[in-house]
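Each of the next two complexes has chain A plus one more chain, namely chain B in the first and chain C in the second.
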Partner chain A sequence: MKLARVRTIACKEWREILRDRLFFTTAFVVPLLIMLVLGYGLSLDVENIPFAVVDHDRSALSRDYVHRFSDSRYFDFRGYATSERALDPLLADSRIRLALIIPAQFQERLLADRPVAVQALIDGIFPFRAQTTKGYLSAINGQLNRELLSDYLARTRGLTPERAAELISPVRLQQRYLYNQAIESDWSMASGLLTLVLMVSPAFLTALGVVREKESGSIYNIYASTVSRGEFILGKLTPYVGVSAFNILIVWWVATEAFGAPFKGDPLFFFLASLIYVICTAGIGLLVSILVRTQVAAVLVTMVITFIPAMLYSGLLVPLESMGPAARSEAYLFPPVYFLQIAWGSFLKGLGIDALWFQVAVLAGYAALLWTVGLFAFSKRPRR
Partner chain B sequence: MTSPRSLPMGLWWRRLWVMTAKELLQLSRDPVLLIIIAWFFTADIYIIGSGVSMELRNATLRVIDADHSAASRELIHRFRPPHFRLQGEIFAHQEGTRLLDAGESMLVLEIPAHFERDLQAGRSVDVQLQVDTSNTVLGTLATGYASRIVAGFSEDRVRRELGLTDQQLAAVPRIEERQRVWYNPNQTDPWFMAISELMTVVTMLSLMLPAAATVREKERGTIEQLMVSPLSPFQILFPKVIAMTLAILGGTAVAVFLILIPVFQIPIKGSLGLFFAITAVYVLATSGLGLFIATLSRNLGQVSMLVIVVLLPMLLLSGSWTPPEAMPEPLRAAMVISPLYYYIELGYGILLKGAGLDVLWDSLLGLAVLGSVIFSFGVWRFRRQLG
Partner chain C sequence: MGEAALVNEALAEPVLRVRGFCKRYRRRSAVEGVDLTCARGEIYGLIGPDGAGKSSLMKALAGVLAFEAGRIEVFGVNIDSERAAEKVKDRIGFMPQGLGLNLYPELTVEENVDFFAQLRQVPAPALAERKQRLLKITRLAAFRARPMKQLSGGMKQKLGLVCTLIHEPALLILDEPTTGVDPVSRRDFWAILTGLLRERGITALISTAYLDEASRFHRLSLLYQGRLLDQGTPEQILARTPGSLIEFEAMDAGRILSRLRETFAQVEGYGARMRVFVPGCEPAQAKIAVTRALDGQFKAPLRSAEPELEDAFIALLNERGLVADDTRLRLPTDPGPVSDHQGQAVIEARGLCRDFGDFRAVDQVSFRVRRGGIFGLLGANGAGKTTVIKLLTGILHPSDGSGRVADADMRGAGQTIKARIGYMSQAFSLYQDLSALENIRLYAGIYGLDRKTTAERTAWVIAMAGLGGFENTLAGQLPLGVRQRLALGCALVHRPRVLFLDEPTSGVDPIGRRRFWEILFHLSRRDGVTILLTTHYMSEAEHCDQLALMHAGRIVADASPQAMILALQAEAGQLLELEVERPLEALALLEHRFEGVGLFGRRIHLFASSPDAAEATIRTLMQGAGIRLTALRARTPAMEDVFVYRVLALERGQGAP
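Our next item is the complex of A and B:
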């Protein structure tokens, strides 16, 4: 392998990237865009749930009850509906996601120390949101029930209100949130999204870079030249890895500056680990480019094999613990799982090489494997 | 060259038809692309539909039990599957920190000494739960379930202590909650995920395929041949859109009849005919955007990067993962110009909610208006470029 040839090819490739201004711009814009769009947009916080109420009682207590919901930041009161039938189109058109139906005699029964049933209709289109809504609903009702009960005990058993309140909740849960004390979902999302961005963009760049030559036919110049396949691949991919290395810095900056995610770990370690990850994902692009012949196919295939593992099998959105054993072991076959541990470990937990060496080693092994396979699968004498 | 207006109508339609046939033929001769399209409409939707579950299951939990009493054991054993998986007991606080750092446990529950004694004395006791919130969604879910378990434990003890029987409970003022979840009563995740993924696939392919078909002609130079032919720019472009729309509609039918209905058992509440009709409108609208991308690019590399640039904001502004009410105000306003927003509303409305046009007409109107604007814009840009 002659370094001069590698350098020549890398220079040629770099110049080609520079001259295709649109491609060059998008190479930097796409990672930035993924970060910003998904970081801001993919909010899984469930707040401001729009809801309507059918109040058959119209009493002071029923109004108080509705206030418990409308005063909460989790619910957004959109008004009273006249009847249950009026709720159907509101739910069907997604104008509201929750409806409460308060029965007649709501106040009368409560004052007479009797239970009263309140009906809640929840829009179940997105199950995760429906579950969360149910949780909020139970929390508000539970709080009210505790107040009613302690009030009742104070009245009937002659306890002081404080004593009654203590009596009805003997065990209290003190939760301590670690690593992200304020539950800033932006922090988790932004630092986790690095896994997606650094998986997708290097793979795209390399796959397109190689397939473009195949499709336009300029690759025959390489086939006919003295350049060996190792020199070609190394020279060809170096500029793309370089672009991606710069992108690491950009997305890092976005995560810490735009989203305010704390970086508690070792910057140098994190950069080197990311670089290994980028080399690994560029290898994925290389493999794709060897398998397909057209750029459309390259784009679609790359999209499939990068987006899905990075979104679904990394633990970013879908908890690994929730997966079945088969899916979980599948997840550990893909590199994003390991990088997500490095990213969250470095950003939020402040871990360094001593805790994360295994993940880095796996990624390095992965990179070596992909590049070796790519090297041997690339042929200067294609059958077609 | 005669102007298209003076042509007999028959010839005009014939040209359109011949070009459409040419596009379909070209597509059918690209087996790799066909396989990929088929993969998207079947395997991809299946994988996402069955794989993505946002539920919290088997959250790993360690316990530090400083009391070892009947009461502490009762509390610990309430942390059960499916939500929690008890990994066993540890004896030191530092050990807990180490396991949380390494990600081997997600939660550590600490029960203080004299837990049972204090409870029996009627004093309230604090138990501590440490939660790994590097994934905030999971962290909050786990905390929510844990506090429900502790509340249930409390409530049972209170009842036992006060000696309240079920009969007496009927004489206590309380709210009984009757929750009913509509449209997806058991909150089956695949229903949401599979439909959402189908719409994403439709969007991606309607952006990508017509744009790619157009730019490929540019890249290979065959556009020159088309330009010297008696075809108008519209007659060159529209057949590509028709052909790709047919392919995408075919794929959608495959997805609906082979995956959504038989595999995921999604009960189709509304009219499938209406669903396919709005899908056609949507694909036409979105391919207009694809044509616009095609006018900006000279090669397929540029097309694909631009497709991602357009696709991501569209997905974000669609309201499927993040509904309008959870968006910041400016983004909520921007949703009006995302065709996918209307398509999602219409799609879920028809498929799961069983809504008809009487409820959804405003979304359809929005989609139609937006679609015609986008499409005319795409064709106009192309015409200018060719002229």
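Our next item is the complex of A and C:
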């Protein structure tokens, strides 16, 4: 291994990254864009659910019932519809996601202490959103029921309203959210997105950087010279790992500053763990570049093998616990699972090396494996 | 000791030895059983069209491609593994195919050179010295700080050569270093190579698709579709393929050509000049055969001329039955357009300019093409040929100047022009996944032909392009020559009056090219179609009625090929060819005495304004140095000579380097 040659290749690569506008963008702008676009766009909070109401009663109580929804930040009241029939096109066009149908005699029956049935039509296309909507509905509706019940108790038993309220909820649930107190999905999403960005960007850079030389034919300069495989791979990949190390800091900063995620862990530990992750994902790019010959193929393959594990099998969108056993064991085959645990651990839980050493060790193992396979699979005398 | 003996001795310990080389890509066989030996100090040529297997062989020799069967020895090392190949790589300089494609566009000239040098661990003092020397002889010294992507094609190629030479390899492997390069740069390239041969005794293996470059090599191998056709010195190959070339002038070219084609396989018309190769005959017998074939219909003096390697190449292919598509062309006549008048300009460019940012791609280009004329725009990659076509077809708008095509102003009448012209682009503009028939129908549909006309024209295209039997083959699977004729047919489907062809023959083998020219000639003469085409094959230029040489966006000459050659002879003098012993020494003696001195294998070319005085001077010089002069004769200059002379004269006039 001649360090001078490694340096020569690394220098050349570095110059190309800085001077080639497209490559510069891929290196520095794309990671930032993914972070911002997905960070803002991929919020899992369900808020402002548009809804409409058919009120057959038009009484003070029915209006009060509707107000309980329209005053909440979870619902966005779009107006009254004249009949059930008028709701169909609104639901079909997704202009509303929820419709409430209040029957006639709503007020009359309630005042007479008789039950009424309100119908809620929920758009069920996206189950997660429908579930959440149902949860909000039940909560608001339950609150009303409890109020009605405590009123009744106060009226019939001569109790104070406070005592009546205590009686109907003898067991109070005191809940506190840990790590993300406001359950802001932005916090979790922003810190979790590091997993995606630092998976996709180094892999793309490496795969494109090597395949681009294959496509243009400049790879023959390497093949035809006495540069060893190790020197080439080290020289070629060092600048990409360097760029990605810089990007770690950038996306970290975006997560805390732009999305307000707290960072509670050890910065040095997190940086080094991220560096190992980046070396590992650059190794994925290296393997792709060995398998394919055109930049188009490199983009497609890298996209599939980085985006899907990082988005769907990391626990970022779907918790691992809610995956089937097959999907879960599949998820543990990909590095993002481990890095997500490091990222959330460092950002939200304030964990350090003593709690996360296993995840770091797995990533380091992956990195060593990928680079070794890359080194042996790369040939200076290929078959085609 | 004579040079032949030297070569024989060197061959005992060759630099390259190839035995039974085979290369397959998946199931497709690219090279089958090639043998080759190359001695130290030889410039060895691999000649063949695209798909001949040149690149595969060269990559395998450079140790950068694994192969399936056979044995390759480089400097006595058996190249059978990556490890073995590593042993010889420091002595090899390999330049892959593609103009400057292996260089780094974002790096400057100097950074590119430094990168290659540091890869090869050239020590700094040696690097400084070599860099200075190499950049000077390639005339790139002034551009050290310029990014490589801003160099012209010829400069890129020379920079590629500098980068390949920087570690002073003993063996150079250069894959198509001259394809698409302007003739001046190409001449520079050969001069540099000659210098290296003289000073360092290097060995070079060079591939080319230009058969007219064959005379530059000491020895060569002719390759075709992965097989070796013949090998030896150019003279040996010509001698092994006996035959005579008969030339004559004829007015009624079209009729005489079809008559001769009934008897002879190798007939060509260059304007009024007919050229017939009669295989296996002495000139006298050949003349009798041609006279008999003409059947008394034509009486004019027949001349015999020296056959060229291309004639031998085609004769070899015919002899071995290797011609890929042997459909005989039946050229149908076309009623043709009626409104044009003979002699009127159908294409006219007046002071056309086109800028791309700061870069002027086309500069003050003016010319006229008459109805039924074949007009050739000749120039290197990047000279501006394609841009001129795009301007005339209304695809691009000119920055200045104007043009008329088929009675329509190209500025205002984009659509009108498009209905009257046919355009075939460099990439052949075919849909690879459609069959031949579907492609033709698609083009008929695009031009809005009705059902009846479509059927009529489809039949015409199939007959004209010799596509019988290929109707349902996917375009992507057609042999290159057939695909090219299909593209031509598609461009002609709406019966245009003017045909634009952008590098129509690039990469096609000589037989395919000749067929193509047969069709073009027929279209122009019988159907009165006006044709404008671009090419970087200098040897093809002589097929045109009128030529414009383009260099750096400008037209440097515009006349008929014959007129250009005559003008060159009048200005620069007679082209002389010398055969001498020890040509490298002779070259050094002659270089400063005459214009245009160049080495062609073992022969020397030079220009002399008064041939008799020159002959006397040459004889004195050779005698003084004790070099035996075996032959001295006059030669007709080629188009390439014209081009080089014109461009150099232009540069001298501008005081450019």
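By our rule, the second predicted complex is superposed on the first by the 381 of 384 C-alpha atoms of A that agree within 3 Å, B and C clash if a C-alpha of one lies under 4 Å from a C-alpha of the other, contacts with A are read in each partner's own complex, and residues count from 1 in each chain.
Simple rule for what comes next: contacts are C-beta pairs under 8 Å (C-beta built on N, C-alpha and C of every residue); 3 or more make two chains touch, one makes a residue touch a chain.
No experiment lies behind these values; they were computed from the predicted model shown.
Undergrad: Just from the overlay, do chain B and chain C fit on chain A, or is there a clash?
TA: Partners clash after overlay.
Undergrad: Where does A:S216 make contact in the superposed view: on chain B (first), on chain C (second), on both, or on neither?
TA: both
Undergrad: Check whether A:L137 is in contact with chain B, with chain C, with both or with neither, and answer first, second, both or neither.
TA: First partner only, chain B.
Undergrad: Could you tell me if A:W344 is touching chain B, chain C, both of them or neither one (first, second, both, neither)?
TA: first
Undergrad: Can A:R15 be said to touch chain B (first), chain C (second), both, or neither?
TA: second
Undergrad: See if chain A has more residues touched by chain B or by chain C, and give me that chain.
TA: Of the two chains, more chain A residues are contacted by B.
Undergrad: A:T226 contacts which: chain B (first), chain C (second), both, neither?
TA: second
Undergrad: Please indicate which partner A:R63 is in contact with in the superposed arrangement: first for chain B, second for chain C, both, or neither.
TA: neither
Undergrad: Which stretch of chain B would you flag for clashing with chain C, going by 19-27, 37-45, 145-153 or 343-351?
TA: Residues of chain B that run into chain C: 19-27.
Undergrad: Which parts of chain A are touched by chain B and by chain C alike?
TA: Overlap of chain B and chain C footprints on chain A: residues 20, 216.
Undergrad: Using the touch definition from the top, list the residues of chain A that touch chain C in their complex.
TA: Interface residues on the chain A side: 2, 4-5, 8-9, 12, 15-16, 19-20, 216-218, 220-227, 379-384.
Undergrad: In the complex of these two chains, what residues of chain C are touching chain A?
TA: That would be residues 25, 59, 62-66, 81-82, 85-86, 89-90, 92-94, 96-98, 101-107, 111, 115-116, 118-121, 147, 163 of chain C.
Undergrad: Within the complex, which stretch of chain B touches chain A?
TA: For chain B paired with chain A, touching residues are 30, 32-33, 36, 39-40, 44, 47-48, 51-60, 75, 85, 100-103, 106, 119, 122-141, 143-144, 146-148, 150-151, 153-154, 157-158, 161-162, 169-185, 187-189, 191-192, 204, 208-209, 212, 216, 219, 296-302, 304-309, 312-313, 316-317, 320-323, 325-328, 331, 345, 348-349, 352-355, 359-360, 362.
Undergrad: Using the touch definition up top, name the residues of chain A that touch chain B in the complex.
TA: Residues 20, 22-23, 26-27, 29-30, 33-34, 37-38, 40-50, 65, 76, 89, 91-94, 97, 109-132, 134-135, 137-138, 141-142, 144-145, 148-149, 151-153, 166-181, 183-185, 187-189, 192, 204, 208-209, 212, 215-216, 292-297, 299-301, 303-304, 308, 312-313, 315-319, 321-323, 327, 341, 344-345, 348-349, 351, 355 of chain A touch chain B in their complex.
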